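Here come two complexes built around subunit A, the first alongside subunit B, the second alongside subunit C.
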Partner chain A sequence: MGTTESSIVDSARARPGLLLVVLLGGLLLVDLAAKLAGLSLGPLGGSVSVDRLGSNLWNGVIIGLVVGLAGIGLSMTYSILSFANFSHGDLLSTGAFTGWGVAFLIAGFGDIPVRTLLSVRDAGSASAGDIGAHIVSTPIAILVGLLAAFAITAVVALALDRAFYKPMRDRDGISILIASIGAALIVRYVIQFVYGSDRRGVTASVDASNLAFGPLGLSVNAHELTIVVAAAGLMLAMHFMLQRTKLGTAMRAMADNKDLALVTGIPAERVVTATWIIGGGLAGASGYLYVLLRGTIQFDFGWLLLLLIFAAVILGGIGSVYGAIAGGLVIGIVFTTSTIWIPSDFNEAAAFAVMITMLLLRPEGLFGGVSTA
Partner chain B sequence: MSDDSARPSETEAPESATAAVIDAARRSDLGLILGTLLAVYLVAALLTFTDGLNSVVGLMRTLTFLGLVYALAALALNLQWGYAGLFNIGVAGFMALGVYTMGIVVRSPDPAFGPPGFGLPLPVGILAGMLVAAVVGLLAALPALRLKADYLAIVTLGISEIIRLFLQSSAFDTYLRDTLGVGTGGGSGMGMPRNPVRELFLVDGQANTPTALGDFAFGTFGESGLGISNTILIDWAYIAVLAGVVIAFFVLLERLGRSPFGRTLKAIREDELVADSLGKNVDLIKIKVFVIGCALMGLAGILWFGSQGNVSPTPQFMPVLTFYVFIAVIIGGSGSNAGAVLGGIVFATVLFEGPRRVGASLRDVIDAETPPSFADAVATLDPTAFLAFATDNIAPLQFVFLGLILVFIMHRRPDGILGDRIETAAAVDLSERPSGGETDE
Partner chain C sequence: MSAEEADSTDDADGEAVGVEESAEPVDAAGSADSDDMPADSDDTPAAANAGTRHTLDGDAILRLRGLDAGYGDLQILSDVDLDVADGEYVTIVGPNGAGKSTVMKTVFGLTTYMDGTVEFEGESIHGLAPEQIIREGIGFVPQNDNVFPGLSVRENLEMGAYILDSVPEDQIEEIYDRFPILRERAGQKAGTLSGGQRQMVAMGRALMLDPDLLLLDEPSAGLAPDLVADMFDRIDRINDSGTAVLMVEQNAKEALRRCDRGYVLVNGENRYTDRGEVLLGDEDVRKDFLGG
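Coming up: the complex of A and B.
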């Protein structure tokens, strides 16, 4: 027993920052328990209902799944091409606008002018209710839209790679990072030029789409359920691709040790192409799902989400797909549950603070050292 | 400024007279900067001369102001990135810290006029703004400088967003009012203290009570003289102050660059490991540079946004502002102070204001109604209507253009326009071989 204790003391001495974070986390947990029990211990405690905590957690999981899905692509390009891709957020917007254009086309074809549908209500005067896109009333449109978001964004990501990043393969990470800022500006403002700059509603409201879960007091709506199913499905597909296929093995090898992978004869460019297709496609799909969750769309929403996605990827450890998913969930839950302690103005700041703390204390991330691609 | 003149590649005979002029201008940084400014003025005059002298001078004022403030911010960033290789993409946050602190310190304590402040004199406010930016820079630098460059980038971007979210928050505003008795104004922002330059010309800044100097200036150039509006004249006086600050910044940074400290900096930029092995305290020097750079960014924020009447966290201090400053530094070539000034001027005039002005002028020429949306413009199948839509929506196209420029520079000229003039780390010019020395054989 003595040895364990002294080793804990030693490691606490060596990592004072870590100790501080553990203490703070413990304090918050005690405080949360006190709040749930309705006790007041000096500055701690107060009251938070179980229902509120439950719905915070549930919302956090949903946002976390979307962010984690987007993070997979960012993490893969980060580890395989060794640069932080600042245009990744705008791939989310690309997927959302093109995917919803297709979903609208199917949902409202015949009744509403095609230009209104394809431009996601930028042209014309039809309201979101007129088009009536909703998973309950038009499930096929929503699903085809998701597939279109994946496919079109994959093509866009690949085109960006060929035009901007391929000529810079052998350059240092910072140069490519700067070029990716340029690419981000191009994508974002082409979207604004084509789809307009105003925020607008997308999904229609349908009665009886809320499914209540009695004991937890949770109210889950059909869109949230769609997001969970779609995101989990895509993540599972990703898992089997990485573990069971030759391409997946090659990707993991490239992410783990690029030189070694090249020496063993892995076709680097083909793996890079696959990375952009999968990473870009998942980004597009997650942007589409994010709009399904929020119900509104705006040309720069992906860019505004980018830092949260970075936070998820860094938290999980760059290069790890599973880390990105786990990081996304943590960031999502921090994002929603932090409102128990701080005003909701700061929930984004709390997520960034978690990311910065992680970078300072453990830059390799939660799953660091375990390169699973 | 002419210590590169002896470089062998530039002593070759130029091919033509124009080439000779360009060559001479290239050799002198000052000549290049003034030449660029003249060219910008010429284009501005051509664009507006039909509207009279007042609009010509007015446009020149806008362009010069933007050019100078971008030059200022680019110089500060160049110190961090160009000299020490610190990839700080939180510029917008540090500028916001500077200008907000200045505003809070100087604003009147009376809450009747918006968010209350401490009511201290302006110089105290400016110093406090720089100090707060420096202190936050220090807090960020202490742990973050150990990180890889791209991690530092993400951390600084995160810090800049956290700063913006705090300034945006009404809860933070209320908290400050309850504890310190001052406020930020939250999302609606705060008004800035009166510009002292204005008071040189107008008693108490009131439009109809000119001082003696104001009487003279308005009488000679103003409505009763050359017909230039008083506001534009006062703005030009402020621009003169700004130009003075840019020159002072430039001289300070040039001297810093040539001091032993600056040589160490350049050594760190070229090869950190070597500098470390030679016994230089790399971490300490990096922290110093980061803190100085942040203080200068705070000052740049004060001089830029503090003169604009009102500041608000969104959209003024969105991360895109940081990228503008980065583009300015990249155009000029990181590591060159003259390049940073030139990059600031070129970015602000040619890339930032230029497309808007040209687009507006083109729009006036096109005789067609603007379609309400892109889809409608395409649906008309009429190139004129499409052009009308494009020129009316020049703002997004301008950003696309900026992005293309950025990618193009990274592909073709990663060292920027002036980047080939890398300042040597050595105190003496190593390319100049002593003549008449011994030979090896």
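Coming up: the complex of A and C.
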């Protein structure tokens, strides 16, 4: 017993930060248990219903999946092209607007001018509710919209690469990073120019789309379920592509060692093209799904989300696809459950606090050092 | 190769080898043959003249002439000539910074080309992309970091045949036969292997397209001493099966002992060229570059 105790003390001495985090985490858990039990112990405790915790976790998972899906592309461009792509957030906006334009076109074709539909506006008499885009009432429109978001964003990402990043391929990461901030501004304001700057509702509300799960008291709506299925499906497809196909193996090889990939005969530019198509496409799809979750759309939401995506990717270990997914889930869950303790205005701060703590304790991130994929 | 033999060749060639500035005309290759070549000269692809003739008379699959190359504005190689005949085993030795690795990287188009010619099997390969050079029949094993650590052993081999439409299963089998440990470790990530095993993965990957010429940059670097001889044995066997080898080695004595011909490079220039054992026996070469 003596040896175990001393080894605990030793490791606490060696890593006081870890001790602090463990103590704080323990305190929060005790507090959460007290809250669930409805006990009050001085400053601790209070009351939180199991339902609320359940729905916080569920919402966290959904946001986490969307953020993780967006993070995959960011992580891939980082590991294969060696730069942090600040235009990634605006690819989410690109996917959301173009995808929802297509979804509206299918859902509302005939009744409302095509121009209005494609620009995702509720012009004049036709509100989002009238167009009726919803997974229950117009499932085809929603699914085709998702595919369109993927495809169009992939094309935009590829076009940005050819225009800005390809000519700079041999430059250092900082130069390309700054170029990507410029590209982000261009994309964002083109979106604002085409689609307008007002925030508007997009999804219709349909009764009977809430499915309740009994024992947990969890209420899940059909859109949330769509997001979980779509995001998990895309992640699985991504996993299969990386592990089972020649192209995916080449991507992992390039992420491992670019110089060696070159002398091995892996055609770098073709892998880079595939990276933009997949990474950009997933960003577009996740932007589209984010709007499905929120129900509203706004020209700069992707940019605002980018910081959270970066947090997820860094937390997971930048460069790792699986790290991006895991990091997204952690960030999403922290984002929503932190509202048990702090006002929801600060929940983004809580997500970053977790990220910074993670970096202090394990600088390479959750999946860092395990190499890509 | 025994010490006696080495000494005898030393005696025979002692005068001529290493006298780069000697008055003997470099182009008088034919006449020099009878005097300078050791008894078993018929093994060598062509006559090396007193250590200063850097080219072959016969057909060479790799032919470098007057090569100037470097990195950016920095010139490393100047006027380098080098030949590798079909099936030949050639090694490049020399002090640090002599530009040994630069020769290989230049063949693969990874340096800044300045002047000269790089021909493979009679055609210029200057300006080709690495994937095209591989297609021409050259495999390259760089020094250090020469496996994809996150990929399995088998995936590493598969990447070596990326330019083919389908995975050549028979070639993978052949490489497993050559390096049986790789068959056992097929599913293991290459990053978890020992240094020697990683070197086998790297060589296996470069052999996936059955190249006519294999470039090896410091294959013994980082290996435990007891594995070095084993690695050289494996290289011998690769060469015995018909693949020409061009190798850069820090372990110059062992490399020269095993190769057909050796080039001594100093300051990015040709200094001596001769059969490995002749260089090994030469006093100047030994004193200046082999540590006595």
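Operating definition for what follows: the second predicted complex is superposed on the first by the 357 of 373 C-alpha atoms of A that agree within 3 Å, B and C clash if a C-alpha of one lies under 4 Å from a C-alpha of the other, contacts with A are read in each partner's own complex, and residues count from 1 in each chain.
Simple rule for what comes next: a contact is a pair of C-beta atoms (placed from the backbone, for glycine too) under 8 Å apart; a residue touches a chain by one contact, two chains touch by 3 or more.
Everything numeric in this text was worked out from a predicted model, so none of it was measured.
Q: Overlay done on subunit A, so just call it for subunit B and subunit C: clash or fit.
A: These partners fit in the superposed model.
Q: Scan A:Met241 for contacts with subunit B and subunit C and give back first, second, both or neither.
A: It touches nothing on subunit B or subunit C.
Q: With both complexes overlaid on chain A, does A:Val21 touch subunit B (first), subunit C (second), both or neither?
A: A:Val21 sits against neither subunit B nor subunit C.
Q: Touching A:Val263 in the superposition: subunit B (first), subunit C (second), both, neither?
A: second
Q: Report, please, how wide the angle is at the C-alpha centre of subunit A between subunit B and subunit C, in steps of 10 degrees.
A: After fitting both complexes on chain A, the angle is 90 degrees.
Q: After superposing on the shared chain, does subunit C or subunit B touch more subunit A residues?
A: So, of the two partners, B touches more residues of subunit A.
Q: With the two structures laid over each other on chain A, which partner does A:Leu225 touch: subunit B (first), subunit C (second), both, or neither?
A: In the superposition, A:Leu225 contacts neither subunit B nor subunit C.
Q: Classify the contacts of A:Ala250 with the two partner chains as first (subunit B alone), second (subunit C alone), both, or neither.
A: So A:Ala250 only meets subunit C here.
Q: Considering only the touch criterion stated at the top, classify A:Val190 as touching first (subunit B), second (subunit C), both, or neither.
A: first
Q: Once the two complexes are aligned on their shared chain, state how close subunit B comes to subunit C by Cα atoms, in whole Å.
A: Between subunit B and subunit C, the shortest C-alpha distance works out to 19 Å.
Q: Once the complexes are superposed, what residues of subunit A are shared between the subunit B interface and the subunit C interface?
A: Correct list for subunit A: none, the interfaces share no residue.
Q: Spell out the part of subunit A that touches subunit B in their complex, as residue ranges.
A: Those in contact with subunit B are residues 17, 83-84, 115-116, 118-119, 122-124, 164, 167-168, 171, 173-179, 181-186, 188-190, 192-197, 307, 310-311, 314, 343, 345-346, 348-349, 352-353, 355-356, 359-360, 363.
Q: Which positions of subunit A touch subunit C when the two form their complex?
A: Where subunit A meets subunit C, its residues are 246, 249-250, 252-253, 255-257, 259-267, 370-373.
Q: Of all residues in subunit C, which touch subunit A in the complex?
A: Residues of subunit C touching subunit A: 108, 110, 130-131, 134-135, 140, 142, 145-151, 155, 158-160, 162-163, 167, 191, 205, 209.
Q: In their complex, what parts of subunit B are in touch with subunit A?
A: Listed in rising order, the residues are 87, 143-144, 147-151, 153-155, 157-159, 161-162, 165-166, 168-172, 323, 326, 330, 372-376, 378-379, 393, 396-400, 402-407, 410-411, 414.
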